[in-house]
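One chain, chain A, appears in both complexes that follow, with chain B as partner in the first and chain C in the second.
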Partner chain A sequence: MKVAVLLAGVADPRHPLTLRSSRPPEIRRDNPLVFSPFDEAALELALKIRDGRRDTAITAIVAGGAESDALVRKAAAHRLDSVARLESEALAIWDVGATAHGLAEALRGLATRPDLVLIGREFGDFDDGALAPCLAAALGWPLFDLAQFARWEGDELILVRDGRSAEERLGLRPPWVASVTNDRRNRLRHPLMKNVMEARRRGFDVLTVAPVVPSATLKAVAPARERTRREPCRFLTGSVENQVAELAAYLQPWRALR
Partner chain B sequence: MTSIRSASRDPDDATDEREVDFLVVGAGLAGVSAALAAAEAGLRTLVLEKQPEIGGSSAMSGGCLAFAGTDIQRANGIEDSDALLFADLREVGRFENDEATVRAYVEEQLSTYAWLRAHGAEFGSMVEAASGQSAPRSHIVDPADLVRSLWARAKSTGAVRLITSARAARLCREGGGGPVAAVEVDGDGRRFTVRASRGILLASGGFAGNPGLVHRFAPQYDEAQFVCGAGSEGDGLRMAWSLGADFRDTAYIKGTYGKHPIDETNHHACLAVYKGAIAVNQNGVRYVDESISYKLLGDACMAQPFASTYQILDRDILESGDDRVRILDFQRRLEEGLFIEADTLEALAEQAEIPADALAQTVARYNAFVARGADDDFGRKHLVHNHGALRKIERAPFYAYPSTAVVFGTYCGLCVDRSMQVLDVFGAPIPGLLAAGEVVGGLHGAAYMTGSALAKAAIFGRIAARTAAEGGAR
Partner chain C sequence: MNGPVVALCPCRPGESLDVGPLRAAKTVAGEAGAPVAAILVEAADRQIEQARSEGDLVVWDVRHADLSPLDDAERRGPVFVEALKQSGLGDFRLAVLPAGHVGAALAAAIGKSFDAAVLGACAEIVLTAGGVEARRSTCGGRVEIVVAADGRCVVATRDASQRGPSRRVGEVRPLRLATPLPDRRPVERVGAAGRDRSVATARVVIAGGRGIGGDEGFDRLRDLAGCLDGAVGGSLPAVDAGWVPVSAQVGQSGQFVAPEVYVAVGVSGTPQHLAGVGAAARIVAINTDVDADIFRFADVGIVAAWRDVVPALVRRLRSSPEAFSPDERDP
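Moving on, here comes the complex of A and B:
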C-alpha cells in the first residue's frame, strides 16, 4: 500500500504568538512550528499501517516555506520512503477550497498515486476541519472522516473511529482520503536517534503547484480580542462542605439558563 | 578587577549603593542555604538572583542528596558511615578530586542533613543506591520545594533580602587590591553597587548554559544535550577569574547517561542499568561496565555510533524501579511511551533497528556471565558501584530505553579551601571571596556520585556562611 501523509505544522503553543505581519507565510516564519496533535496522529497512523504490512510505502508532504524544513526532517526521522515540502506560498491557505485544489494537484504530481491520503482533522493553524472533505472532493475520492486507528485484517486495511454509540470499522478499497483525529492509540512514537541523525543529512524535494486563484482575498490577520472576565478568578476556601455550598450557590443562576 | 571607587554611583540616589554584612550571588540551594545559615548567625544578608525566580539548576535536579549514617538509612537497615562515604567519593572521583574538599563535605554532611530536616526538608522514607554509592544513600526530596522552604525560613528571619532579575557583573576589591568587598550589579535597568563587610559568596552555579565556555573545555560534548538553570552561564567563574582565582576539574566535564535523546518533556536521566539493565549500542553490542558512574557512562555513550545507545531490560528489572526516585521511575516512562517494548528480544531489536542476532547473542552472553559470576567482557560485578547482585535479562516482555548523555551541570570550578574561601592561582585565599555549590571544583574529580552535587550545595553553603560569620573570609 502507498500512503501519503499531508502535514502542516502549527505555531508552537509553548511560545507566545508573534504577529508582526498579516501574511500567513510570514506569520509562520515568525513563530516556531511543531506538528499539531492531528498531524502527529496522521503520521502515527501511517506508521501503524506500515507496522502491519512491511511493504507499505509512506510519503510525507509538509506544506510550508523554508521555515518548515525542520518539520520535514522531523517527519523523515521516522524512516519514511520519501519526504517533500510543498511550497505553500501558492496555496492561499485562508481559502479552504483553493488550498484543497492545490494539495490535490500536488498529490496528482507524485510519481506514483497514493492508495490512501492521511491528513489531520485540522490542517495547520488556518483550517477548522473543512480541508479534508474539500480535498476528497477535489480528488474525487471517498472520505473517511475522523479516523482514530488502523489495522490490517488479512489484506484489507480497516480504519476505525468511535461513532456516537459504537465503534465504526470500515474496510478500504483504495483510493481514499482519511482525516485523522488524535487518540491514545495513535500517539506519535519517538523516532530512533540513528534515524534522526540520518534525517539531518537527508535531502528532500520541494514541490510547487500553480498558484490557485482564491475565491476571497485575505485582507488582514490581527490578534484576537482579549476576553475580559466579568469577575476575577478566586479559590474557594474553608471546609469542603463550605466550598460545595459556595460552588452550588455560584452555579444556581446557571440552572435557569438551561 | 574593578575598584569600588570606580563604581558608577549617583550620590543623590542612596539605592545605588547598599551595605550588608554578607552578599550571596545566586539563589539556588547553595545560595539559600548560605543565606539562611548566615541569618541564623546574625548577618544581614542580601541574595542576588539573575533570574526572575529562585531555584536555579538545583530546582531542576533529580532531588537526590548523598548523606551517610542517617536515620532513614538506619530505618532501612542500611549501614553507612563517613568513612565509607569518603572512600566512595574519592574512588568514584578516581582520586582526581581534592582530598581536603572531600573531607569538608564528609565532615559536615550529617549535620547538614539534620539542619535541613530541622528546617522542614521532607525526605522520602526510602533511599536508593545510585552512581558511585557502595551503600544506598540517595536521599530524595522535591528539590524545588526544598529551595522554596529554605528560602521561606531565611525570609522569616527578617535578616535576609532577595533581589531577583539582578545580575552580578563585577567583583570589586577594596582600594583596588584589598579584600573583595563589593559587587557591581545590573538590575532594574541600571547598575548599582552592593558592599559586604563580612564576605561575598559566589553561589552562581556552573556554566552548562554557556555553550561557548563548555566547548572551550569539552568540545566532545558539542553534540550532547544540555539541561540546566537558565542562569548557569559561568558568571561567577568569570568574575573570580578576573581576580586570579584558580580552577580545577574542567577536564572532567561530562554528560549524564540515560537521557532519552528525543523526548523533550522529561529532562531527567533514566538509569535502568543500575537495576540490572545492560547498555548496547546501535549494533547490539555492549560497550562498557554499566555499574560505573553515570558520568563515565555518558562519556562511553558519546563515543558510540550516533552518540546514542539503548538500555536493555526485562520485566523483572522494569518492576524493580522506584517511582519515588526520578532516575529509577521506569513505570512513568513506560506510560509515557518512552520505552520500546516487545515480547521477544528479536521483536525488540526490530523496533530499535538493531541487528536481532547481535542483540540476542549479547543478552545470552551477558546472562551466562551473570550465572558464572564473571563478566569477561567489561568486568561488571555489581548493579551499581559496589552495590547489588547482577541479574539476568530473561523474562518477557523486554524493553529498550533509548539513551544519550545530557549535561546537567559542569561539576568543575573554583578552587576553595575547607572554609570555602576561593584560592588564587598561587594557592592563597582571595580575601573576602567565598564560593559554594556548582561553581566549586574539587569535590567530584573525574566522576560523580549521585546526590553529591545537590548535597554539596547545602553543605558548602552552610560552611561558607559560617566562615563569613566568624570573620574568616576577610
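Moving on, here comes the complex of A and C:
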C-alpha cells in the first residue's frame, strides 16, 4: 500500500496571531507554525496503516515555504519513506480551486501513484473543509470524508468513521482520497529521539508545480471582528449553593417537560 | 451575468430543513434583483412546506428513482447537478449550500460540473458585476478575508439569522429524475454510533471541555442535558480524549450550533471553539479560572470547579417544581 499524506501546518493557536501583511504566505512566515490536529491525525492514520502492514510506504508532502522546513523534519522523524516540501507560493492557499489543482498536480508528479491520499479535514489556515472534496474531484478519485481510524482485515484496508446512525466502514479499493478528523485513536505518537536527530540531518526534496490558473482573487485581509456581546458577564456570587440556586432559576425556562 | 441564485438543500428524513442557504440566497438575490430558487432533494412534505413559507421563490421538489436516504454526496452530487440542468437553472450565478462536510462535498461536485469557483463557507455574500464577492473566516477565526470570483460561484453558509419567512409563499415544482448514478460504495454500517442527541438542532447545548477531565464528568453533563431537554457537545480536546463523539465537536472544525442557551463547562473559550456557537446564544460559563476568555463572551458565569456546581445543579433542577410549558418560555 502506498500512502501519501498531505500536511500544511497552521499558525500556533496558543500564540497571538501577528498580522503584518495581507499576503497569506507572509502571514504564515510571520507566525510560529505547528501541525494542526488534522495534520497530526492524517499522519498518525498513515503510521497506523504501516503498523499493520510493514510493506506500506508513506510519502509526506508538506505544503509551504522555507518557514515550513521544521514541519517537514517533524514529519520525517516518523521514519517515512520519503518527505518533501511542496513550494506553496504557486498554490494560492486561500483559493480552494487553485490549491486543489496544485496538490493534484504534485501527486501526479510522484514517481509512483499513491493508493491512498490522506489529508486533514481542514488543510492549513485558509481552508474550512472545502479543499479535500475539491482535491478528490481534481484527481477524479472517490472521497471518504472524516475518516477516524483504519485497520487491516487480511489484505484489505478498512477505513472507519462515525456515520449518522452507525459506524461506517469502507474496504478500500484504490485509489482513494480520505479526509481525516481528530479521534482518540489517531493522536500523533511521539517519535524516538534518535529518529528526530536523524531527521534533522537528512535532506528532503522541494517540489514545485507550475502556477495554476486562479479561480478567485483575494481582495482584502483583516483581523477578525470581535464577537459582539450584549452586556458584561454577570458573575454569580455568594456561597456555591446560592450560585447553584440562582443558575437553576435562570435555566428554569428551559427545563425539560416531565 | 443575470442568472439565478440557487439554494441547494440536501434533506434528511426526520430532520427539519436547514434554512440557512435559502435565506442567504434570498438575501443575496434580493439585494441584486436576481431571481431565486431552491432545489430540495428527497425532501419530506414538511421540509417542502418550510422552504415554501420562506417566501417569493421557486422550490424544486426533486426526487431520484435510485437514491436512498443513506446515499452520500458521491451519489447526491450528480442528482443536484442534473436537477440544476433539467430545471433550467444551469445558468446560475451563485449556488448556496449548507456549511459542513456534506455541503463541501456537494460544492466540489457542482464546481467541477459547472466550472464554478468554490469559495468555501462565507458570510456577507454579494453579487458583483461579473460574479460574487464574499467574506470568509480564516486562521482559526482570527483573520477575515474577502474573496471574489467571476462567473459561476458556489458558497456554503451557516448563517440562518437572515430574513425569515415572509407573507408570500413560494411556488413548488416537482422534478423526477432517473439518470444513472455512480455505483453505491461498499460501505458497511455497524451498530449505533452517536448515543447522544444532535447538538446541531438542540435548544440547549451543554458543552464540556478539557477541564471536565474524564468520562464521569461527561456523564454528569448528560444528566444536566436531561434536565434541560438539551444535547451534550464538547471541545476538540474533549473529542480527542474520547469523552464525546466527533459528531458533537463544536467549533470551526465541527458543528455549528445555534441554541438558545449554551452552557460551557471547563471550556476556555478559544476563537476556534466559539466559531461554532451562534451569536444569538446566551452563554453560561462554569470555569475555575476567572480570567478564562469564555467569561468575556458569557452572559452568566460561575467561577468554580464543575464538580461543585453541576451535580448540585442537576439535583436542584430535578427537585424544583414542575417545568414550564414551552409557551411560557422566555422568548
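The rule is simple: the second predicted complex is superposed on the first by the 240 of 258 C-alpha atoms of A that agree within 3 Å, B and C clash if a C-alpha of one lies under 4 Å from a C-alpha of the other, contacts with A are read in each partner's own complex, and residues count from 1 in each chain.
The criterion applied here is as follows: a contact is a pair of C-beta atoms (placed from the backbone, for glycine too) under 8 Å apart; a residue touches a chain by one contact, two chains touch by 3 or more.
Not measured: the values here are computed from a predicted model.
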| item | value |
| --- | --- |
| Clash or fit (per the criteria above) of chain B with chain C on chain A | fit |
| Touched partner set for A:Pro133, first chain B, second chain C, both or neither | second |
| Chain B versus chain C as contact partner of A:Ala66, first or second or both or neither | neither |
| Chain A-centred angle between chain C and chain B, computed on Cα centres after superposition, in steps of 10 ° | 110 |
| Chain B versus chain C as contact partner of A:Arg187, first or second or both or neither | both |
| Touching partner for A:Val206 - first (chain B), second (chain C), both, neither | neither |
| Dominant contact partner of chain A by residue count, chain C or chain B | C |
| Minimum C-alpha separation between chain B and chain C after superposing on chain A, in Å | 9 |
| Overlap of chain C and chain B interfaces on chain A (superposed complexes) | 187 |
| Complex interface listing, chain B residues touching chain A | 260-263, 282, 305-308, 337-338, 352-353, 402, 404 |
| Residues on chain C engaged by chain A in the complex (per definition of touch) | 12, 73-74, 99-101, 104-105, 107-109, 111-112, 117-121, 133, 136-149, 156, 185-194, 203-204, 226-230, 236, 239-242, 245-247, 249, 252-253, 260-261, 263, 270-272, 274, 279, 284-285, 295-304, 308-309, 312-313, 316-317, 320, 322-326, 328-330 |
| Of all residues in chain A, those that touch chain C in their complex | 10-11, 13, 17, 19, 27, 37-38, 94-97, 121-122, 125-130, 132-134, 136-138, 142-143, 145-146, 148, 162-171, 179, 181-184, 187, 215-225, 227-231, 233-236, 240-241, 243-245, 247-248, 250-258 |
| Residue ranges of chain A in contact with chain B within the complex | 79, 187, 189-197 |
